[in-house]
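Across the two complexes that follow, subunit A remains constant while its partner is subunit B and subsequently subunit C.
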Partner chain A sequence: MGAGHGHRLHYHGHSVLHRAPAHLKLVTLVTFMLVVVSTPRGWFPVFAGYLLLLLGLVALSRVPFGYIGKRMLVETPFLLFAVLVPFIAAGPRVVVLGLSVSEPGLLAAWGLVAKGSLGVLASLTMAATTDPQDVLTGLRRLRMPDLIVQIMGFMLRYLDVVSAEMGRMMTAMRSRGCDPRSPRHWPVLARSLGALFIRSYERGERVHLAMLARGYDGTLPASSPRVASGARVGQGAHR
Partner chain B sequence: MTVPVLDVRGLAHAYPDGNQALFGVDLHVHEGERVALLGPNGAGKTTLVLHLNGILTAGAGTVAVSGMPVEKANLKEIRRRVGIVFQDPDDQLFMATVRQDVAFGPANQGLRGEELDARVMAALDQVGMGEYADRPPHHLSFGQRRRVAVATVLVMEPEILVLDEPSSNLDPASRRELADILRSLDVTVLMVTHDLPYALELCPRSVVLHDGQVVADGRTYDLLTDPELMRRHRLELPFGFDPATIPGIGNLPA
Partner chain C sequence: MHVPDGFLDAPTSIATGAVAAGGLALALRGARRELDDRTAPMAGLVATFVFAGQMMNFPVGAGTSGHLLGGAMAAVLAGPWTAMLCISTVLLVQALFMADGGITALGTNITLMGLVGVGVGWLVFRAVRAVLPDRLGSVAPAAAVGALLSVPVAAAVFSLLFAVGGTAPVSSEKVFVAMVSWHAVIGVGEALITFLVVASVVGVRPDLVYGARSALRARALEIRGPAPAAIPAAETP
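Right, the complex of A and B next:
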């Protein structure tokens, strides 16, 4: 089967962090981010404190640092932008490593990098210790509108299906001598992404039909997650 | 004669773009029958299937399930009575676990708790997937997903099971396992398929749909051994397959 097993961010484990209820983790994450963003960027020791706190949590969760470190690469484009700021910002100049850079720009760049990295690190820790389905349950418990939670659930479910489909389209393109990575073939790539969109859209319609055929009336059975967890206990009796 | 489980009379349908798919289809299926619906691509088979539980509404003609007309007021009950298994299990399985997926239909009917769980496990056991109840559906093999898709419909205790291309994309072993499961079920079956040997194996009776009309209705064996009829309606047996050479096949109960 083409679809990857498991999710790319979740790291299976049984630590305190893994077991904490998802809605608590969500609220903590959002609060933490708000606090970090509103901290003046000149308070260097405070940022060091935040970093230590997060590293402590990662250690507690027993998720390898390398696992999270690799996934932090997602931040790279953002960091490149931050590096540019000291060169293009106005204001008094200082000389760092023989380069003349803007002093307020340097501070702004530091702020971006520090706050951004802390945010990414915190989110990745949350993602690594929380099963995606539990995130949805947590959101539902936090009274997120049901329709939005449903849409997110379907996104999770079909992410693998759609990315496997895209993988097959790429393989088919390569087999016919087209390299999707080369800019020369980007127009083809764009068109195949368009085709992928249409196919996903049509799949969405078929899924909806299949749901209607089983009596879907706009709300997913609210009890189903509870049924599943309760039933796990009952399953021993069944077999 | 008893009230047919499925009673389709003079059904016609044109899509909004003006493309007419069905031209007066008549079809009766009685309780306990297993009927194959055969026809080339584009014959209108899927369009017909989508009328059976009111997803498409008839342009003309009527559809009734055990005497109950398919109309807006009855849709909930109609969709319980008619269980459709779609061709791509990925379209049908969308919950986080197999158990939740099978529970989706009966939960929509208002079933809860112990009773729901018992029904779910019974349906999964019928298709031999009981031990996969807590696995995410997209981690199963294609054949297993097809079987779970059948369970999601069986759990509604339908009066008629409608299968759209049940053998497509299955390897021969999964194909045979599904046939064994279908044979073991005590339920009326309408099976849409191109797989003529499969139709012969499972369905004593076949109906041929071509260009939106029923052009033949009879014993599957008789239809498949009528070369003139087969050619006229773009039906072809796989290479080397000859129903007449299967021992004892001519004596199958009609």
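Right, the complex of A and C next:
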């Protein structure tokens, strides 16, 4: 039950990118992506520049390319959609590899794939090099409402606990001979989800009581971020 | 599927970001009314549940499977404002830590799934509850109708956004028809799962279901007379 302290969401390291303050990384990420999204899709060399910049940052962070590559699979459904665009788009047709496709559609599909992939790569680089707790500290610094940061904190803390609970339910189900393979098993799966909701809700109530017992008054005590500012880095150097 | 970066142009993304921020501010106030100082841990755990629930695969056949979106379900189980907060936090975590949904499209995703999905689901649920008798048995069917409609309505709003700020030269009618018809199918699955999950929770712990509170209050308090004197109290341990 004490799970949830592993490095599942980020790749532990000590590069310059890892040590950079989280709020700066967040602002840079959003600004960079707004620039990428506003770039006209015909400017091919500029996109190559963006890609090189990101790849350079990944290399600098010493996060293995394979690690990021595996997590980039999250955009697969979107890529499948982008492939369809040239076929359904309007405009003059051209023949590519024996298939008749729309020319503006082809350009649009390129734009979707390029911007979408750059977004995934940039976000993953940020996620891989920043400890989730530091991201929360960064969000707080950027004036994100405290309650949302707290909710995110609870979510990150209990993500592994609740998913492991669901995993045990599925194991229990399979060990009793139910292997969900067809829609006929939906009622069983749904009842598991219902049970998971009740367990999560009750866990929330217990957590709340435990917090009250420790003097919770609506705000969480600020945990000292490991790397928050240049001043702290300087302090560390004197030790 | 979440909207990625570059799908809608920058002005539209920024505008939906402003809408999302306004909606979240409302949801924060509403959730405090629903949960008072329990908001952070309760909404946190419900958000975690929604996230984990989205990972459970419901087999559709032929090797494919779908999963729950959970907007209407969360609204019925935890209350509409809490649900908006939870779904938005799930989207925030997915965008920031898993790159699922673009960082510049975060406002769009929160508006579509967090605000429209949950809001429509809850309003339809309330409308159906008003028609059906105020009994526990009508909670799950009403939740199912809410889920059935919330998914295609969110898809319709997306098509609208696409017509305003879409970056692909596909005619907006084509996008509208494709999105709404495809999401109507998804809505049917969503309705079925929502019905089954809500019915199972109502069956076991109706007191936890926010949408069932009026039905619980309508129950008459039953006061039974004192136990017959034939059984002395000392005999029962």
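Here is the rule we go by: the second predicted complex is superposed on the first by the 208 of 239 C-alpha atoms of A that agree within 3 Å, B and C clash if a C-alpha of one lies under 4 Å from a C-alpha of the other, contacts with A are read in each partner's own complex, and residues count from 1 in each chain.
By definition in this document, a contact is a pair of C-beta atoms (placed from the backbone, for glycine too) under 8 Å apart; a residue touches a chain by one contact, two chains touch by 3 or more.
What you are looking at is a predicted structure, and each value in this text was computed from that prediction instead of being measured.
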Which partner chains sit in contact with A:153 here, subunit B, subunit C, both or neither? Use first/second/both/neither. both
For A:112 in the superposed arrangement: first (subunit B), second (subunit C), both or neither? second
Partner chain in contact with A:214 - subunit B first, subunit C second, else both or neither: first
For A:88, select first, second, both or neither according to whether it touches subunit B, subunit C, the two together, or no partner. second
Give one of first, second, both or neither to describe whether A:133 is in contact with subunit B, with subunit C, with both, or with none. first
Given the touch rule stated above, what does A:30 touch, subunit B (first), subunit C (second), both, or neither? second
With both structures placed on chain A, which of the two partners, subunit B or subunit C, ends up touching more residues of subunit A? C
Which of the two partners, first being subunit B and second being subunit C, lies in contact with A:40: first, second, both, or neither? neither
Mind working out whether A:181 is in touch with subunit B, subunit C, both or neither, as first, second, both or neither? second
Common interface residues of subunit A with subunit B and subunit C? 153-154, 157-158, 161, 203, 207, 211, 216, 220
In the complex, the residues of subunit C that touch subunit A are 1, 4-7, 9-10, 13, 24-25, 28, 31-32, 37-49, 51-53, 55-61, 68, 77-78, 85-86, 88-90, 92-93, 95-100, 102-104, 167-171, 174, 192-193, 196-201, 204-205, 208
Of subunit A, residues touching subunit C in the complex: 9-10, 29-30, 33-34, 36-38, 41, 71-72, 74-75, 77-78, 81, 85, 88-91, 102, 104-105, 108-109, 111-112, 114-116, 118-120, 122-124, 126-127, 132, 135, 145, 147-148, 150-159, 161-163, 165-166, 180-183, 185-187, 189-198, 200-201, 203-205, 207-208, 211, 216, 218, 220
In the complex, subunit B residues that touch subunit A: 50, 53, 55, 76, 79-80, 82-84, 86, 88, 90-92, 94-97, 99-100, 103-105, 107-109, 112-113, 116-117, 120-121, 130-131, 133-134, 138-139, 141-142, 152-153, 156
Using the touch rule from the top, collect the residues of subunit A that touch subunit B in their complex. 1, 3, 5, 133, 153-154, 157-158, 160-161, 203, 206-207, 209-217, 220-221, 223-225, 227-228, 230-232, 234-235, 238-239
